[in-house]
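Two complexes come next, and they have one chain in common, subunit A, joined by subunit B in the first and subunit C in the second.
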Partner chain A sequence: MIWLRRAIQLVITLFLVTFLTFMLTSLLPGNPAYVICGSSSTQCVNEVTTRLGLNHSTIVQYWDWLKNLLTGNLGYSYTVGSTGTSNGVPISTILSSSWQVTVEEILYSQVMALVVSIPLAMWAALRANKLFDRVSTTVSFGTLSLPPFIIAPLLVLLFTVKWSVFPGVGTQIPSLVSDPAQNLWDLTLPCMVLALTSIAVFQRLLRADMITTLEEDYIVMARAKGLTTSRILFRHALRPSTFTLMTVAGVQIGGLITGAVIVEYVFHINGLGSVLTNAVSSHDYPVIQIVTVIVAVAYIVINLAIDSLYSVIDPRIRRARASH
Partner chain B sequence: MPAEDRTDRRDFIGRGLKGAAGLAAAGVVGGGLLEACATSSTSSTTSTAAHPSSPYGGTVTMGTWSEVNSLSPPVARWDATGYLYANAIYDSLVQIGADGKAYPYLAKSVTPNGDFTAFTITLRPGIMFHDGEKCDAKAVAGSLNAVASGYITHQSLQPIKTITATGPLTVVVKMDQPWPVFPAYLAGQLGYIASPKMLARKDQGTVNPVGTGPFIFQGWSIGQNLKVTRNPHYWQKGLPYLDAMTFLPLEDNQGREDALRSGTVNLIHSQYPGTIKHFTGDPNFKLIETKIPPNGESAIDFIMLNVTKPPLNDPNVRRALALGLNAAELRRVNGFGLVEPATSIFLPGSPYYTPTSYPQFDPAAARKLVNAYKQRHGSAPTVELSTINGASYQLTVELIQQQWTAVGINCSVAHVDFTAFLTNVVLGNYEAATFEQFGVSDPDQNYVWWSSTTVGGPGQVSLNIARNSDSRIEQQLLIGRHSTVHGERLAAYQKVSQYLADDLPFLYLYKTLWAAISKPNVAGITHQTLPGGQQSVGFFEGGLLVHQLRLNG
Partner chain C sequence: MPEHPTDDDEVAPFAAPEAPAGNLDSETALLQMDPGAGGRPSSLTMGAAGNKMLHMEMPGIDEMLYVDPSADFSAQAAALPGRAAPGSSRTRSQFKRLSWGFWVAVGWVVFIVVLAILAPILPLQSYSDPSQSCLNTLPGAGPGVGHWLGCDSGSRDVLSRVIWGTRVSLIVGFCSIAMGLLVGGILGLIAGYFRGMFDEGMGVLANTFLSFPYLVLGLAIISFLGNSLWDVVLIIAILAWPLLFRVVRASTIEYGERDYIIASRALGSTRWRVLLKQLLPDVVPSAVTYGLIGVAVAIVAEGALSFLGQSVADPTVTWGKMIAEGSVNLNENVAQLLAPAIAMFLTILAVNFMGEKLRSILDAREAVL
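Right, the complex of A and B next:
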């Protein structure tokens, strides 16, 4: 029953997101027919307008677009490969490899962030208000205040130009399937940029929750029983302290997509962020609409998954849901 | 090793009008009169002078300043990047030599009739497209017709009446007027010959091009890379030297610079004075600045004024803007010490250059004109200055805004993304706009931008983007187009220069600078040898022939 309700919510949300996106992009100034024809021929503009259905009302255009989307037809680019007489490159072709790159960037950066932030947070919580905690707090705030478009060029300068540790901007990154080691190595620096902000956020949140958890009676009991600190931290304290962390991790997806736009621009990576940037600057409305739908779907599905993880982490939630 | 040009001059980037640059480049590498075009090479598959000391093999990865919308000559709006791609995959019928003259390239000869209203193009036998089709007269005529009737390209090729294959290796192009400079247009987008099979496809090869060029198209991930591999059956025997090339569009200037320094690419081109400054004097890199052929013109950074829009339809307002513009300050602030001034459509060093009455910076005189306007109209003139997005452009327009405000003009600034900017200016939905244009190898190739015949009505497309309709300019442009007498052409274009200074549709800022920067082992960037033994124009306005690129050592 819960799943059915969630599924209905998903459908309604997606409908609203696609509708709003379509309407908003239709309000953007400029005529796509002029973009395609290079503003050079009235005849071309008229033909393209008719072929693309731009002479129909926005509601009709939206309905046609939605029907195509539901049948798997993502449409065609207005600007990439588009001529006065033929449609542009299918959007599915444009996105075929880019969405995988961005998913990998986000996952890799979040794994990086969790691997770094969890130990830091646990140690800071254990040493609350001591030197390590204060230093890590200061560094966190400093990192949070540095946006990706500052961090990225700085890391590029240091690690690719000055020290040649990582491959430079524009390196052709092999796929994860064809060369996983090289793929991960090439993506390390771009994902580090995305991870830095997440590390700071995760570390702060988990630290706060861990401090609260470590004051619980059962932790005192565990200590009294003589359990080691590491066992107490990892076995008893970490799990109940992760709810906020998980919630924020899910909400952050939207921010990571934005961060990916900057990272992909600076590092010249062909991901969804690059595709979106190019589409916005060239008024490629169909691509903008599809990428927005993808981001919305990803956002909803991920948060749905995180929601489900609560019951895995905390049996009490599982039992409470089961009783409903 | 080709000579290197390193100057301490500098220029401000203007991204300019990519699409218009593509149109202008229906002649961007043009120039020279017909005397050169009547010559021909003697062999069909030509042995170009090899460089036995240089190794074959290797890959050059080049970082480019932009991406293009299409790889198909009839459809594309090519800028410097487009021509790099085109020179890899296609061949043009004609190429421009270092002396500015047009020499047969893919064509064996281009011969005019007595009054330059018809040109006979004789082809080399035995040349094949990459897909196995013959590059014969039918294919060439089909390709030329496709470009001449293309949505975007046809407007700069209006004098062409017919293009006909009259024999297996002969194509005749007929004009409705004498056009001696026409062969130079065969060095531009018109002259890049595409396979008939490719043109027959619905997209006309937009993303899957087939030519006769030194490299065969392998793949294009738009916005990411274009890959080409060596054509083993290339008609210029012994060429190309490289196994492959990859082009990476790296629009961000800093990113392109970092890519070269980190080794991701081994060759870039750049207009940005900052980049050129950073590499000037760096022993770890080679820097070559653009070569302007003797008859050619450099691109110029300028402010375009829409002379049909109030208050810019008032010549005194335009004059006030010119008098209030301190181009020297702009060069100092933006130009990194490398900028050369421009006070005319032709620059010193050009045979067409002549001093004109173009107003020099004089804020007092500007204020007088502004005050007179105020008295007539009750308030100061208000002008919107548009530019594309980017930090360097923002700096320029804000500086200009300050200068104009100082003389009493109300100036607002608008930043627009490039595509919208292009649409706006061509439709006349602008007042003043930053621009970079007019880099050609013969002034006739700027005809479409200055002619009264290409001025559109309100809300209509106008390739004469300033919408400056001046019958005096039109008359002189036609003399320059039709005449083969050097002195007559000189006089005509000098008059054009003066009339433009009178009308003031353009407010000149400085000469645009292009440079190719590479690792030291990359050779063949310039001074390529053409099939007839002449030297090519080399690196010109961001473009170069790529078939003689090689990696030394």
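Right, the complex of A and C next:
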């Protein structure tokens, strides 16, 4: 029953996401045909209006757009490769390589964030309210007030201008398949920007949950058995302390995509984010709409997946659900 | 006392359950911070910031009794002895309990608000036109006489630009959240109290809005709507209302189940009366507190939009725009990057810090009630 309810909500949400995104077109002061034709003749405007079905009612246009979307036809760019009277480049071509780059950035930054934040949080939780804990918690709080568009230029200033550790902005990054080592090395600095905020969030959450976990009886028991501290931390305390982290990791993906838009803009990386910013500057409305829909749907699906993952990780929830 | 798992234990002297007096004071303090509270009668101001719980002080005993109010309790309340007026020693001691960090944060925000207001009459150089003394040197010259923070790559005075840039961040931050709070708050109040289909529908709509990453939706709307200052305010209000809706709805549901609400209904108050006279004042503290945290998010959102060149157009100067310009001219005057970056960081930090402190006070109060 609860699953049916959630499925219905999911369908309604997905419908609303596409509908709201499509309805953005109606905010435009004029006909999108003027964007395509630029300053050319009214004949061009008339042609484009007929070809794109802009003379139909908005609901009909939405329905056609949705049907195309579901059958994999994402539509055509208004500006890239368009000469006014002909269709532009298919949007699927524009997106074909860029989305992998963005996914890679996000995964890479999350791995970085976990590798750094887990030991930090453990150390802080083990010595709660001692000096290290207080310092790291304060630094985390400060980091949360540093948006990516402040972190990115500062890291560039430090790591490429002052000390030339990483390649400069705008370096052509080889693909992950052709040269994995170089690719990862070049993406390190951009992903550090994304990782910093995540480290702060993870450190705070994991520390708080870890402190609670470390007070449990089975930890006392483990200590009494004479297990080493590191074994207790990694084998006994880590898994039960990660549930809040998982939920937030799902919610955080929204923030990471936002961060990716900024990072790709700063480092001139050709990902989903730079497709979006380019489309916004050139008023390429269909591309803006498709990227918006893709990102929102991905976000919904990932959070749903994480929600169902709970019961896999936590047997307590699995049993509670089974008994209901 | 067991160790607190939260990050805020050091700021939670109010959390101590054996000190209800401190808890009440925190409400007073919260109210002092509440910009919307100014017009409220002072009889309400005392101790009753949110939930309108009247309290009596037993002479000689530092102990509070909570009394569930009904609709016509105010006459008796006026006769109660020992009700401290705002500004009394109790209120003042409350201010001392907020850590000095809180007041530094308040001080910074007041400071930049004053700067933003006074920008036109301060002896600043033009923020939009190149200054002659900057043109005489290389573009992006470092700090020097007449230019405390140097010149930017367009030969304009950096100090002047940072101060003028304050305006956009503050206007967008506060106005968009006020707008979002008004819309989200009213909807949340109605959804949380009346529930039913309206609540379900609004919940799905809010979730839909929340499934767009804010910058993506912001960029999408701005590209269709336009980018005047008030467009940007409107866009960020559109991004903010679902969160504020959820906060207000959640606390309306929570308070709606309290005994005094049921009592008020039993005494014959209409649902609208309960909503406006009892629940509305109840949810204001949490709405304002989360609104404050929302202001920080709104300032970041505006910064991100203007960093990408999509916020308010030239010649208006914004911090995000300055950071973007500074970040492509890293070999010139570093102050043109650092000055707006630091100003923005401190502002976000200050507003976040104030919001967190107020929230921990609020949480402690909720925990005791």
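One rule holds for everything that comes next: the second predicted complex is superposed on the first by the 304 of 324 C-alpha atoms of A that agree within 3 Å, B and C clash if a C-alpha of one lies under 4 Å from a C-alpha of the other, contacts with A are read in each partner's own complex, and residues count from 1 in each chain.
Criterion: contacts are C-beta pairs under 8 Å (C-beta built on N, C-alpha and C of every residue); 3 or more make two chains touch, one makes a residue touch a chain.
Just so we're clear, the structure is a prediction, and the values are computed from it rather than from any experiment.
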Exercise for the section: Quick one: on subunit A, after the overlay, do subunit B and subunit C clash, or do they fit? Just give me the call. Expected result: clash
Exercise for the section: Quick one: classify A:215 as touching subunit B (first), subunit C (second), both or neither. Expected result: second
Handout entry: subunit B versus subunit C as contact partner of A:94, first or second or both or neither
Key = first
Practice task
Have a look at where A:237 lands relative to subunit B and subunit C in the superposition and call it first, second, both or neither.
Solution key: neither
Exercise for the section: Based on the superposed arrangement, let me know which partner A:299 touches: subunit B (first), subunit C (second), both, or neither? Expected result: second
Exercise for the section: For A:153, decide between first (touching subunit B), second (touching subunit C), both and neither. Expected result: both
Practice task
Would you sort A:196 into first (subunit B), second (subunit C), both or neither based on which partner it touches?
Solution key: neither
Problem - First (subunit B), second (subunit C), both or neither touched by A:120 - result: neither
Exercise for the section: Using the superposition on chain A described above, determine whether A:291 touches subunit B (first), subunit C (second), both, or neither. Expected result: second
Practice task
Could you tell me if A:262 is touching subunit B, subunit C, both of them or neither one (first, second, both, neither)?
Solution key: second
Fill in the blank from the handout: Of the two partners subunit B and subunit C, more of subunit A gets touched by chain C
Fill in the blank from the handout: Running into subunit C, out of the candidates 325-333, 469-477 or 505-513 in subunit B, is stretch 325-333
Handout entry: subunit A positions touched by subunit B in one structure and by subunit C in the second
Key = 29, 153, 156-157, 161, 265-266, 280-281, 283
Problem - Residues on subunit C engaged by subunit A in the complex (per definition of touch) - result: 2-3, 5-7, 9-10, 204-205, 207-217, 219-226, 296, 300, 303-304, 307-310, 320, 323-324, 326-327, 330-331, 334, 337, 341, 344-345, 348-349, 352-353, 356
Fill in the blank from the handout: Listed in rising order, the residues of subunit A that touch subunit C in the complex are 9, 12-13, 16-17, 20-21, 24-25, 27-29, 128-129, 137, 141-142, 144-150, 152-154, 156-157, 161, 204, 207-209, 211-212, 215, 253-255, 257-258, 261-262, 265-266, 276-277, 279-281, 283, 285, 288-289, 291-292, 295-296, 299-300
Exercise for the section: State the interface residues of subunit B toward subunit A in the complex, per the touch definition above. Expected result: 19, 61, 63, 67, 69-70, 72, 75, 77, 151-152, 155, 202-204, 206-207, 221-225, 246, 248, 250, 252, 254-255, 258-259, 261-265, 389, 417-420, 422-423, 426-427, 460-461, 463
Exercise for the section: Could you please specify the touching residues of subunit A with respect to subunit B in the complex? Expected result: 29-31, 34-35, 37-42, 44, 79-86, 89, 94, 97, 153, 156-157, 160-161, 164, 167-172, 265-266, 268, 270, 274-275, 278, 280-283
